[in-house]
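Chain naming follows the written order as A, B, C and D, and within any one chain the residues start at number 1.
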Amino acid sequence: MIKVGILHGAGYVGRKLIEQVLAHPAMRLDAVTSRSHENQPIWTAHSHLRGRTDLLFTANISSSSLDLVFVAAGHGQGAKAVCELLDKGFEGLIVDMSADFRIKDAATYQQRYGAPHPRPELLKTAWYGMPEITGPPPAGTRLIANPGCFASALSLALYPLSKAGITNKVAVTALTGASGSGAIAKDTTHFPSRNGNVKAYKVFEHQHEAEIDQMAPGVDYSFVPISGPWTDGIWGVAQLDLGAGSTLQIANLFQSAYGDCPLVRLWPDQLPELHYSVGSPFTDIGWIQKEGQVAIGFAIDNLLKGAASQAIQNVNLALGMDQTTGLLP
Amino acid sequence: MIKVGILHGAGYVGRKLIEQVLAHPAMRLDAVTSRSHENQPIWTAHSHLRGRTDLLFTANISSSSLDLVFVAAGHGQGAKAVCELLDKGFEGLIVDMSADFRIKDAATYQQRYGAPHPRPELLKTAWYGMPEITGPPPAGTRLIANPGCFASALSLALYPLSKAGITNKVAVTALTGASGSGAIAKDTTHFPSRNGNVKAYKVFEHQHEAEIDQMAPGVDYSFVPISGPWTDGIWGVAQLDLGAGSTLQIANLFQSAYGDCPLVRLWPDQLPELHYSVGSPFTDIGWIQKEGQVAIGFAIDNLLKGAASQAIQNVNLALGMDQTTGLLP
Amino acid sequence: MIKVGILHGAGYVGRKLIEQVLAHPAMRLDAVTSRSHENQPIWTAHSHLRGRTDLLFTANISSSSLDLVFVAAGHGQGAKAVCELLDKGFEGLIVDMSADFRIKDAATYQQRYGAPHPRPELLKTAWYGMPEITGPPPAGTRLIANPGCFASALSLALYPLSKAGITNKVAVTALTGASGSGAIAKDTTHFPSRNGNVKAYKVFEHQHEAEIDQMAPGVDYSFVPISGPWTDGIWGVAQLDLGAGSTLQIANLFQSAYGDCPLVRLWPDQLPELHYSVGSPFTDIGWIQKEGQVAIGFAIDNLLKGAASQAIQNVNLALGMDQTTGLLP
Amino acid sequence: MIKVGILHGAGYVGRKLIEQVLAHPAMRLDAVTSRSHENQPIWTAHSHLRGRTDLLFTANISSSSLDLVFVAAGHGQGAKAVCELLDKGFEGLIVDMSADFRIKDAATYQQRYGAPHPRPELLKTAWYGMPEITGPPPAGTRLIANPGCFASALSLALYPLSKAGITNKVAVTALTGASGSGAIAKDTTHFPSRNGNVKAYKVFEHQHEAEIDQMAPGVDYSFVPISGPWTDGIWGVAQLDLGAGSTLQIANLFQSAYGDCPLVRLWPDQLPELHYSVGSPFTDIGWIQKEGQVAIGFAIDNLLKGAASQAIQNVNLALGMDQTTGLLP
């Protein structure tokens, strides 16, 4: 059994990681940290987990006894925790869920996140990716930078266009649920403001664009991110015009890119609904092509394929297992 | 035209008061204060009001030019604002939306709100009530203490029982929407926690019980308050057992109490739905009686009959108008 | 007072028309028909209207005593009702809320709605439009074809581009609430399917496109219509790329088109939220322009600007009143 | 492996049974019937299950090859399907999810469901129950009648009172999500009517009362069932007054009744939130006792403990497994 620790486990990403690890046949959850819940049962932060684990939150982990550590912290905090682990000589696998090691270029990181990168020398050794696009982490990977939620969704929708060298303008509109904002109450998740409302934010400047540029290079897209009135899930649509005379079949691009991927479901001639993927590790992608005009619809669970189940996929491959282990029965 | 000011008008009660005053044929909105939005248009806090008023928030009001001031503050803050108005010699009518002058007994206030009453000598002169139960404010009323939202709903449901001297145990369960928690984001209104959830709070110890005891004395009720997953509205049901042999007709109590009330709608042999009253100044009350067992259902808009439209009713009567002026076309 | 009748008034458009007419200072609601609710009070279909009107539904109207009739029927049924009115010699103003007289070209109607137009000769005399784009109905107008909900929203967003002769590709994504599907339960409005879900439909082939083509000719847009998980309101975004070197200021187009329109609110450098317009007769339009890339956000209440309040605007102008009469205090 | 068939598997109970069987380590899903989806993949009815099973719906099952059949039909239809199975000589275990074999007394069945029982002679051999109250099905059980959703919730809340012989009046108010109404769209689940609404129905006459009377005999309760604006989950509260001088500790009753039950979670001195149990096989029960006044809060997932996971618990025990097999990791 792989002995697992989760740092900063009282938030939503931590919650999903705990669930995933508990359900994983080859993993054993040994430690979850939370300063605010130190010495309290896991269920004091995640009530629905009562009866599933008796573990208590701790303030720190004893990393020497662990094989795998997930860092479920926000950006800035993520790099700090990773460095502490490395400095203490941790020799297992680290998965950083924060944004801190995702962007290969330290200058871009600074521009997107407003502060210099805390440990730019580690950017070279960190592996960033998702199996459907990058394949598995290379042998010897010790630090995985797990992709962001919008980044995962848009990268998967745009990567086949990138692979095919399509340079037509692509207009992407995508909506995310409120769990994407985390477990701390804020104005944008205040129920009376969120319920029955639709609100665009960071139009043309979402920080995940830097990740998408790495995964789907060359695609000329614009992106309008939107807050939607639900809890879990990202749904989006990418529109492009191939021109009425185009003979390109969008279907071929997606079949070719994802035909062998067990966690991508393709929906030809229709756009998937958000419901299909909520609560699941799947990415749903569909398309409609009409006289050159194309709509590509995509949906993921922002906390699963957009965070926790993607991390499990990456870890499964890094440790030599099937990528679906613990994710599909 | 009655010249109106609203203190602390950037919250939800302030918002509804602004709407009500703008729609009132005999009122003119002259001033709305908000320290956080000073010198900004009203619509910077209440976006949907753009195009309906050009007024700017101010930090203070010039009370000498006003006939009527609503104080839309929280408890503690309400008494402070009222006292400042009186100390400055304001001679018009004050409506305090806070809890500060609702409870006649200063000791009860302290017990319920955890602090001594800031100006107990004013408790005698403040008038607390709602037209359907107490009738209009007496001539010369200068300070109206407007009832709380749950207090309004439960008092209207229980008052006919009180009037009839019914002492049977009454079990009340009532749910409120998230706007009842105000405009500031908090844990209990965090969308992922509120959406699709039901949560009881302050079971058997809601602070509004002190008001209900004033409006429906003698009724032996227990009260489970609940947070429901919607924005506006309070819905509740009161159950009591009259005994299988009882000849009492609940219908008579409600018809007799509210038959002449233009803003109460009675629903015999059914419980009203929450939707009926949301967005309206009405109180909806219905009942089902079966072999001595009684269910009384009730619904109000927590920000209207539970706050702003009730205040308008009270003011209309205090100033000699029909109580429905500005509330019904 | 203008004496008003509403045909097929038990649905959602009928509901909003009843509310608007009751609130209109120059109108008197004389008759509302519904075969399913014949001889029953209006509130048996629209519970929240109890206490606001004592009118009963009738099976038919006596049109000779009316000045204005709204036909709140579906397509096919609308033309039938209009023709009956005209055949009976009704000489007042008719507003058809259905799609039947919106499209000037009978062949296009047949293609979009799947059946030949029932009375093509009337297409010439019917006036279709909305004040912000077409100006007021010409003198002598007897039949107004009121625009569809998505048609209103998209036309208002795209018309300034049409006016400016912009031919760049425009990708429109817009979401509508469930009330747009009407009062009859259907699969797409089944709560478990709609709640927390996002679903595209009629991608690139929504029937309202024929209307938009009339209101914003020349604009090369693609349209992905979406069902969103809320009750009221349409929110959308149109993306276009003017090219990095463009000197065109989108702001100028919208200021110039709508600067004088009392029921359009412009939001420079931001996209409006859906909440702003729900429950109001306003159209909210905002934009963000960044290095040639443009996002135009728009929002309306689908039953108000997308149906009932638009009808009132049109009638106000046809009858010589200010377009905002009964819509703004 | 236990070979499993599911009859009428295109609805919501069928959906959850499919999920539970796929996740069960000792079960293999061999057949699912649906006349409307014959020969189509399971995911044509349950989109989110694509990629989890390749099974097609069939019109009928070959029962001779099965060990266990779930009948996921409505009342009336359930008995018919059970009888057909028995008439064909099926020798495995049958679990009827319908109401048809729940009520021991045929006359009560007729009164509650409005038709005579189709096969009253089978009522004697059917076993009705839930492990926490009745213990496991006796050896040789061939037909399990699975309890209803409200019946499960209320029985679990009231059974400890029954066991303790408490005869005080108990007022129960409980709310259910829209999935309790099934997969077919109906007026009560029309999104605009359900969203943001609360609606009582079948007050004092819910058909599940007959089941509750079997599980918690002697308890004098009244029950107001309510439709709430969410998809999954039942939440309720039972209020009773023990009298100020009572020395009875409600905590003892629940600890004693359920202390050993792995799928009941007790919450002393608080009422559980609905969220805790949604998506889980747990029953959550909590209580607050104050000067003789008691509130007992309870929550289950209506499609899990209220249907599918309860069925799995019953089957696990009938087949000699631990009751949590396949339900907890």
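Everything that follows uses one rule, which is that a residue touches a chain if its C-beta (ideal position, glycine included) is under 8 Å from a C-beta of that chain, and two chains touch if they have at least 3 such contacts.
This one's a predicted model, so the numbers in the text were calculated from it and none came from an experiment.
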As a test of understanding: of all chains, whose mean C-alpha position lies farthest from that of chain D?
C
Does B-D or A-D have more contacting C-beta pairs?
B-D
How many angstrom lie between the centres of chain A and chain B, each centre taken as the mean Cα position?
46
Indicate the whole-number Å distance between the mean C-alpha point of chain A and the mean C-alpha point of chain D.
36
Find the geometric centre of each of chain B and chain D from their Cα atoms only, then give the gap between the two centres in Å, rounded to an integer.
40
Where chain A touches two or more other chains simultaneously, the residues are 177, 195-196, 229-231, 273, 275, 278
The chain B residues in contact with chain C across the complex are 22-23, 47-48, 50-52, 196, 262-263, 265, 272-273, 275-280, 282, 328-329
Residues of chain D defined as touching chain B within the complex:
169, 171, 173, 175, 177, 193, 195-200, 203-205, 222, 224, 226, 228-233, 235, 237, 239-241, 271, 273-275, 278, 288, 290, 293, 295, 297, 299
Would you mind writing out the residues of chain B in touch with chain A in their complex?
12, 177-179, 183-187, 189-192, 194-196, 229-231
